[in-house]
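After this come two complexes, each holding chain A, first together with chain B and then together with chain C.
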Partner chain A sequence: MRGYGATLGLYEPGKGFLYRLPTAVKAAASLGCAVAVIAWRSPSTTAVALVLTVGCLLVGARLSPARLLRMLLPAAPVLGILALYQSLAQGWLRAFVVVGGITACLLAARALTLTTTTQDLLDGVVRLVRPFRSIGADPERFALAVSIMLRSIPYLAGMVVDVRQAARARGLERDPRVVVTPLVLGAVAYAHRTGEALAARGLGDEDDEDDDGP
Partner chain B sequence: MQPAQQTGTGPADMGRRPARRRWNATDLSLVAVFAALIAALSILPGIPVGPLGVPITLQTLGVLLAGIVLGPARGTAAVLLYLVVGLIGLPVFSGFSGGFGVLAGPTAGYLLAFPLAALVAGLLAVGVLRRGRRFRTALLFLACLAASLLTIHPLGIAGLMVNAGLPLREAILVDAVYLPGDVIKDVLAALLAVSVHRAFPRLLAGTRSTPA
Partner chain C sequence: MIEFRRATVRAEPEGRVLLHPVELTLTEQRVGVIGPNGSGKSTLLRLINGLLLPSSGSVAVHGMDTATMGRRVRRSVGFVFTDPLSQLVMPTGREDVELSLRTRRIPAADRKQLASDVLARFGLEHLADRSSYDLSGGERQLLALAVVLAVEPRILVADEPTTLLDLRNDARVRSLVAGLDQQVVFTTHNLDFALEADRTLVIDDGRIVFDGPPPDAVAHYRHLVGSAAPGGA
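The block that comes next holds the complex of A and B.
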């Protein structure tokens, strides 16, 4: 788990038109797919969405069909149960609409994260925040918060592993309190240390606010 | 020692316009680290609980903790940060998933309910912490329970109905499976929050008016 930061993000280098498309276009298409599938629940919408997303991934990212199926593996149990339930309760057409729609959206979202680097995605969100500056949003502080968050995940995950090992050594691994208490206290302490480090470097504080202690 | 206190009258009013409304660096990093904490609790395999060792994932624990540890404003911000980072496609949701795709998935209602849950839990927790120390754990537990019953479960059921196409009765049955685990997590969140507030008494500035 300590290596999580290195593998954070789902980008895989490759070739195809999806890689060259601007992030905004891909994000809009991916979101549009979710909206379309939820708004128009019909077999034809689902079929079109499925064909489009599968086609885009096969052609635009040059994925093999086997690779495509592997991407759906984590969601397979839920989708399977849902498909079974829907076809028994409401017929196979309804099952196709529901499960096919979810599958299309998962694939569309995956197409975005597969072909866009984490950095590009984050830059895109920060750009998205910029128009809201007038109502008090601050893209720089937002970007800072995101990077602190991403930096903290490996630290916290590593801490969980350590704490769990310690709990196991004492035979207490079945007690969630023993595992989680040090994690949460450690997280708060870590946040304070990070905050002090930021303040020492003049980051994260309001410009018009002087930084004297209480 | 803790710059969090610097916000004086309370970081709870970030939504309003006064000049002091902004967070300092410690507030910012608390929000970011709690978003990371929710992510870490979501992606790690569940902890086996009880004699049967049924694993519970701790995602909702992180959400409620953000609310009752950081208060309504910073807690909600932490959950929103977690959601935004997950929605743009970083694998921080449970099962290493992420992206807009989850919005069409059966669990979308639960995810969208999380910021509200943190808000409600945070508002209730501020009230509890102001009251002093008696029954603090029990009251914080009730705050968490109320937050999850008022937000996570209704919206989760709605999500199951809209996205998974389940009728109301079935959706409620599916949702009810999570209730016992949730109660355990509410207890856990209350116990943890009491420890955290004891260790960091200034975390929710303005609520510690009665140090006993």
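The block that comes next holds the complex of A and C.
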């Protein structure tokens, strides 16, 4: 289970102005990009959003064009099918608006996660949730849950590959039970282990200093 | 100081006894626990930081009962698992250390520097920005130790910390453990490691069957395993 973090949106150390921008600014820009391409659905809006996001990643995160394309590779099949459908149904200009808009949003979100450490994202989430403390929300717990979710995606993706390879090694890859059963059991065991490890480190404990008793 | 007062663990709901009443006071700097697979070693260790609560009896760490003062106990007792991947929950080593430091309410700006200092202290600064998935087993285990020790617990509990390691990394982890100021309680199948303790317990079938100097404990364990093996003594 190696290297899935890179394809699935985790932080990668690097240089460039995006790394120095505050998390709030990057998050607002990413959100702004999504709002713009949804609110003003036009070829020009999409083109501007694409130029800005691609430009930001190439210059602001100093990515190579090849690296940028590889970043989009996991989404390419879905984007391709969508482009084909939109072209046939509503014409190529409409396909550009839809697929280009989604691509710009993906890149904007990736620019945030690529150049922001998980700890800085956690701090951002904590600040975002803090106003809801009065209604019982625990910002640290919420942020921890988000970070565990982010961490679990590459782990589970790796598990899928491992289980498939194990099934193939036994010549049983055509039987879905052989893949699904260990995957479900593995995911539950992983959740259990992670919960235990967090508890052992005192993460997720209540804020207050005192215990329940005596 | 760790005190077990007739601490017993039963598996619910069938009531099978996993750990028979344990009466112990551990004050030694290095305490080793050896025994066959499934004998109750990990159960004993999990009692120390409240990951597991006794079905009857009690466990106290520096006077704090694990059942009623669990949070405080966990702040005093660091726990290292056999498989470090289940313990490392952040994308990089530095971030995992930072996550540990969050429990101490350290400001974000100081956390980064402190995390770098912790990694440097354990000679792991080169792992700071690498993914946990890309590290070797030994590097992961050393990182897991650093992550736990970052918050300076008073006691370190390690459940078979060298089981998945090759000889070189086994030696590195043992050397790191030997240099710690904290009280360390560890389980192991490596009898050389067990000999490095100040006191060693032998557990079999949920019972502490020997408690004493490591050479005698290892000899007792060898005899136990030998007599249980087919054609054994």
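In this section, the second predicted complex is superposed on the first by the 131 of 214 C-alpha atoms of A that agree within 3 Å, B and C clash if a C-alpha of one lies under 4 Å from a C-alpha of the other, contacts with A are read in each partner's own complex, and residues count from 1 in each chain.
In this text, a residue touches a chain if its C-beta (ideal position, glycine included) is under 8 Å from a C-beta of that chain, and two chains touch if they have at least 3 such contacts.
All figures in this text were calculated on a predicted structure; none of them were measured in a lab.
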Partner chain(s) touched by A:Ser30 [first = chain B, second = chain C, both, neither]: first
Contacts of A:Leu203 with chain B and chain C, given as first, second, both or neither: both
Touching partner for A:Leu52 - first (chain B), second (chain C), both, neither: neither
Contacts of A:Ile148 with chain B and chain C, given as first, second, both or neither: both
Partner chain(s) touched by A:Glu140 [first = chain B, second = chain C, both, neither]: second
Touching partner for A:Ala166 - first (chain B), second (chain C), both, neither: neither
Which superposed partner A:Met71 touches (first chain B, second chain C, both, neither): neither
Chain A residues touched by each partner, larger count belonging to chain B or chain C: B
Touched partner set for A:Thr194, first chain B, second chain C, both or neither: both
First (chain B), second (chain C), both or neither touched by A:Asp123: second
Doubly contacted residues of chain A, that is, touched by chain B and again by chain C: 1, 4, 10, 118, 122, 148, 150-151, 190, 194, 196, 198-199, 203, 205-206, 211, 213-214
Residues on chain C engaged by chain A in the complex (per definition of touch): 49, 51, 65, 68-72, 74-75, 78-79, 81, 83, 86-87, 89-92, 94-95, 98-100, 102-103, 108, 111-112, 129, 131, 133-134, 147-148, 151
For the chain A and chain B complex, residues of the former touching the latter: 1, 4, 8-10, 27, 30-31, 33-34, 37-38, 41, 74-75, 78, 82, 85-86, 89-90, 94, 97-98, 101-102, 104-110, 112-113, 116, 118, 121-122, 124-125, 136, 141, 144-146, 148-153, 155-157, 160, 173-174, 176-177, 179-181, 183-185, 187-192, 194-196, 198-199, 203-206, 208-209, 211, 213-214
Complex contacts: residues of chain A adjacent to chain C: 1-6, 10-11, 13, 117-120, 122-123, 140, 147-148, 150-151, 154, 158, 190, 193-194, 196-203, 205-206, 211-214
Chain A partner contacts - residues on chain B that touch it in the complex: 2-6, 17, 19-20, 22, 24-37, 39-40, 43-44, 47-50, 53, 56, 58, 61, 65, 69, 81-82, 84-85, 88-92, 95-106, 162-166, 170, 184, 188, 191-192, 195-196, 199-200, 203
